[in-house]
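One chain, chain A, appears in both complexes that follow, with chain B as partner in the first and chain C in the second.
Coming up: the complex of A and B.
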């Protein structure tokens, strides 16, 4: 029983990442009708916003202490991060320690801006071009983004630890009589993802802006004829989608040290998630994300891998193929969206 | 000649001549000169030109004609390589059975995958093929290399060991050969300051490529090819005419899969090992780029694109800071350092950045590829209005 819940939990945090990326992909596809192969790269860029912030916060003043000597006999160098010098030692260390959650604040405007620039500068010119061209140009953009990050940060994964308070283990099942020690950051990640997802849904469902966007997704032309500048709103939705992917990346860094090819690793799976969920269906993307995440985690158990070796590597693709053959529209796909 | 009209015969003979004379044409700079690093006329690179040329020609039959954008074609190349190496392990180093099997296996494999993927079109098709290719990659990389059933030898890659049975080997050579003709044998011809290399492996691959090109040409000019173009232009209309388009797309898919298998077999024939990284999505992306760059839907385009990409991959990754400094050494040091600092991220290990940028620029500004661009320039010069001799990429998607 414990093992069962443990696998569900494991699946939930991987599924959260899939769901967040797939949500953004679907938003872009539903609003602008563009297949964004660079979405995984946005996730990766978000992760590196966290890395950058961590580096910036660790920028230090170097002072020489003449009383102490290092092992070469030179005066000892003491590095004091600027934040510690400015805010006092305790506050400074706390700020550095909390660099990943703080990166959320930095990531939102940065990712919105990147999304805005991307849409206005590049994607906009591809609305009337065939899907193949959209795929190709965003694919090229993904390579470029990935290589730029590689040129700046190198090819190795970079450790970005969670705050000390959240780096430990919580015993979740204590009140159920189960023993379920689980890394606290992963629980934080799941809760965070749930908040973001509900936030996006609430925004679309309960605000006038969201209502117009939903109307535009259903019938763009009519909304335009009603005198609403739908393009501008869609551009903003692209920014929101980029921000969602970026935040998913920021928060994922303590779980898995980021490296430059993260984007593509997650992209392929997220596409599968979107297709399984049903192209253009936001709830479908979220549902399929969690479903496939949990499925993958169950396939990674020792029992599964000894029965069918390597099943954890291919289970998602297998399920996707079966679903697409049995129900080509995806789990919650709407009629008429991306059909032949 | 050969069932081609006059224009096509000229094009075909042109390709034959270029391919067979490649060792001369690709070696324009004397061996000792500073520009010798731009020469491409050495066996390894020339083999890659023609092998990836075959791969791209095959991909073009699917993408260029039907408009179905497959993002998983490298899987067939990888499967072909594995099949060929298994033939080396079991029979002998003769490349003919190896290549035959790699084409057959890739054909069967693409039939199975195509049957599933072609149920959808447009982006669904792209994503499905991508998923299949990633699945094949994962299978080759880990699933099929467990101790009890080792088909792919995982990370190390499949290679031939001395302990392998090689039932038909007899006294045959220990290297890949074509009925005794060793693939890596190279004859060198020195003419003044130039040195030209003629490699058996290259010529074997070149003959295969010429043959592949000929078949592609016949497909392009056949009623079958016309049907494939019709699918690209307007599939819905075709369906309403009462034509079931799926057998045609499936045939195109399998043909292009077999081309990829042939390329994979030849890769193994020139260097008898096969690794899973050949099946990765980056490899699939590369062949898409080759085809787009050269010009999707044109005959010559894919070959041009393949050669272009492989050449620049080779040249760009060789350039390092020392080379850059030697180029700019005539300038004041500060400017020299500045220029090197600017160019540095794009060369050497940063070649992929250049590749990505090129990818974007081509798709944005030259969707018809190099062939289309060349035609436009040619028409501008001659002052003719654009003639529709070569059907270029049609702006309509597949669905």
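Coming up: the complex of A and C.
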């Protein structure tokens, strides 16, 4: 029973990442009609915002300690971060320790800006082009982004740990008499994902801006005829989608050390999530994200891999085929989307 | 008076005799032995095939820095590095056999087909006479096969699978790096000493050739100690999140987790294992332990604090105190501001060993080089006394057992040497079943051309 619940938690955790990325993808597709293959790269860029902030906070004053030697026998360089020098050792260490949560504050404007520049600078020129052209240009953009990150940060994964207080293990089953030790940051990630997803839905559902965007998603031309500049709102939604992907990336860094290839690692799976959920359907993307995350988690258990070898590698695609055969528009797809 | 009869058969015979006579000077004037890319003029070209893109690009970059350093030292530039400490004194710092050394590079991308293509290009277009480098056993086996067919020497870089000098061994290929069997043989006594002989191990293994051979080797070594293997689970190479594989370990009754992973896989699986608090658990009345059989400095840096206390093995570590190691660390460190990794050291040593073999053989002919390297015993390149075994072209030397340092003083000493396992303890017969048994052969040296 304990193992069952652990895999459910793992699934929810993986599903959180899939759902956040797929939500952004669907937002962009639903508003602008663009199939954005660079969306995974935005997730990766968000992660590297956290890495960059960690490095900035670790910028140090260098002094030489003549009593200690480095590997070449020269006096050892002692590095004292500026934040420790300015705010005292304890406060400085606390700031560095909380670099990932702090990166959220930095990531929101940065990712909004990146999204805005991407949309205005490149993607808007491809709105009236076939989806194949959009895929090619956004895939190329994804490769450019990952190569830039690799040139700056290298190819190795970079540790970006959670704050100490959130780096341990919480026993979630203590109240139920179960043993469910689960990494605390993964629980934080799930809660964070739930807040972001709820926030996006609330924004679309309960604000005038969101109402106009939803109207535009349903009938762009009519909204335009009412004198509303829907393009400007959709551009902002592109920025919001980029910010959601970026925040998902920031918060994922303590779970797995980020590397330049992260975008590609998540991209294909996220597209499967979008297709299974139904192109253009935001609730579908979230539902499919969690569903496929849980399925993938259970398919990786020893029982599953010994019963059907390789099932862990194909389960998502297998389920996607079955769902699409039964419901060609996906779980919550709307008629007419991607069908012209 | 004789009569000359002009017949068709006679004409053919006479024509053949005259033709042979005319061709004789040409046949006699050809060199006694010719071989692929025989150097003409004042230079000789080496091919460095390393991952310049892809997940092991940093490792490849370190290899390339070391290879470039080796070329500088061979050409008499820089401080000479290990030329002064190398037990063979054939290298004089005037190139190889008096020819200035130059090099070309290729990008393996850590893909076998790409690695073969770049090696082929360097051999056929650039005239490379030796190929060195790489960070993957799949790549090493593929390029080694190509070099055998092309008639050039392959001096492997980082390749740890048993197969490279096991069932896939080739006469033209040589491996300085240690292998999975050696990791198991070196680690086992230390594991027994530190963890006892009554342990239950759970293996997570990267699902490709290297992972399988490492799992087989470590499993054999630990079971010989008396350990029980609870489970072996293969993980896809493309995995990024190992939480679904770690969670079952908690309830499996295992008290040791063996991570047969390398590179990004190792960093992620170790990070996930630490997140789940495995090292804080007590199972079967014992503290839970994690073992990473193959370590590298670059991966250790990626794993950060998570490697503290975790045991593993290495081919070389810059903290070794022998004269060869000191000379190499000084040379590399002064140039690049950091100590070399073990992949850098193996490539540096391989380039010098190739050059030295050419000097001792008096030729670049691959078959002469093979003869010079087979059974060659040497010291002064950083690993201590080492020998190239004739039967499988595997280097035999001491193996390092290392542990993630609890309190590193700098970012470079994240690993501490626990034990230097003597070569006698990691030596195995050339026909060992894990290395292809009696059927594994080197074949014949191919000089090409």
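Basically, the second predicted complex is superposed on the first by the 327 of 340 C-alpha atoms of A that agree within 3 Å, B and C clash if a C-alpha of one lies under 4 Å from a C-alpha of the other, contacts with A are read in each partner's own complex, and residues count from 1 in each chain.
Here is the rule we use: contacts are C-beta pairs under 8 Å (C-beta built on N, C-alpha and C of every residue); 3 or more make two chains touch, one makes a residue touch a chain.
If you're wondering where the values come from, they're calculated on a predicted model, not measured in any experiment.
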{"item": "First (chain B), second (chain C), both or neither touched by A:76", "value": "second"}
{"item": "First, second, both or neither for A:10, with chain B first and chain C second", "value": "second"}
{"item": "Partner chain(s) touched by A:131 [first = chain B, second = chain C, both, neither]", "value": "first"}
{"item": "First (chain B), second (chain C), both or neither touched by A:313", "value": "both"}
{"item": "Touching partner for A:271 - first (chain B), second (chain C), both, neither", "value": "first"}
{"item": "First (chain B), second (chain C), both or neither touched by A:148", "value": "first"}
{"item": "First (chain B), second (chain C), both or neither touched by A:35", "value": "first"}
{"item": "Contacts of A:93 with chain B and chain C, given as first, second, both or neither", "value": "neither"}
{"item": "Chain A positions touched by chain B in one structure and by chain C in the second", "value": "313"}
{"item": "Touching residues on chain B, where the partner in the complex is chain A", "value": "63, 67, 69, 71, 116, 119-124, 126-128, 130-132, 134-135, 138-139, 141-144, 146, 235-236, 281, 285, 288, 292, 345, 350, 352-353, 355-360, 363-364, 367, 395-399"}
{"item": "Sites on chain A touched by chain B in the complex", "value": "35, 122, 125, 129-133, 135-137, 139-144, 146-148, 151, 264, 268, 271-272, 274-275, 279, 309-311, 313-314, 317-318, 320-321, 324-325, 328, 338, 340"}
{"item": "Touching residues (chain side chain C, partner chain A) in the complex", "value": "54-58, 231, 233-234, 236, 238, 240-241, 243-245, 247-248, 250-252, 264, 267-268, 271-272, 275-277, 280, 298-299, 301-306, 318, 329-330, 333-334, 338-339, 409-410, 412-413"}
{"item": "Of chain A, residues touching chain C in the complex", "value": "2-3, 6-7, 10, 13-14, 68, 70-72, 76, 150, 154-159, 161, 167-169, 181-183, 185-186, 255-257, 259, 261-262, 265, 296-298, 300-302, 305, 312-313"}
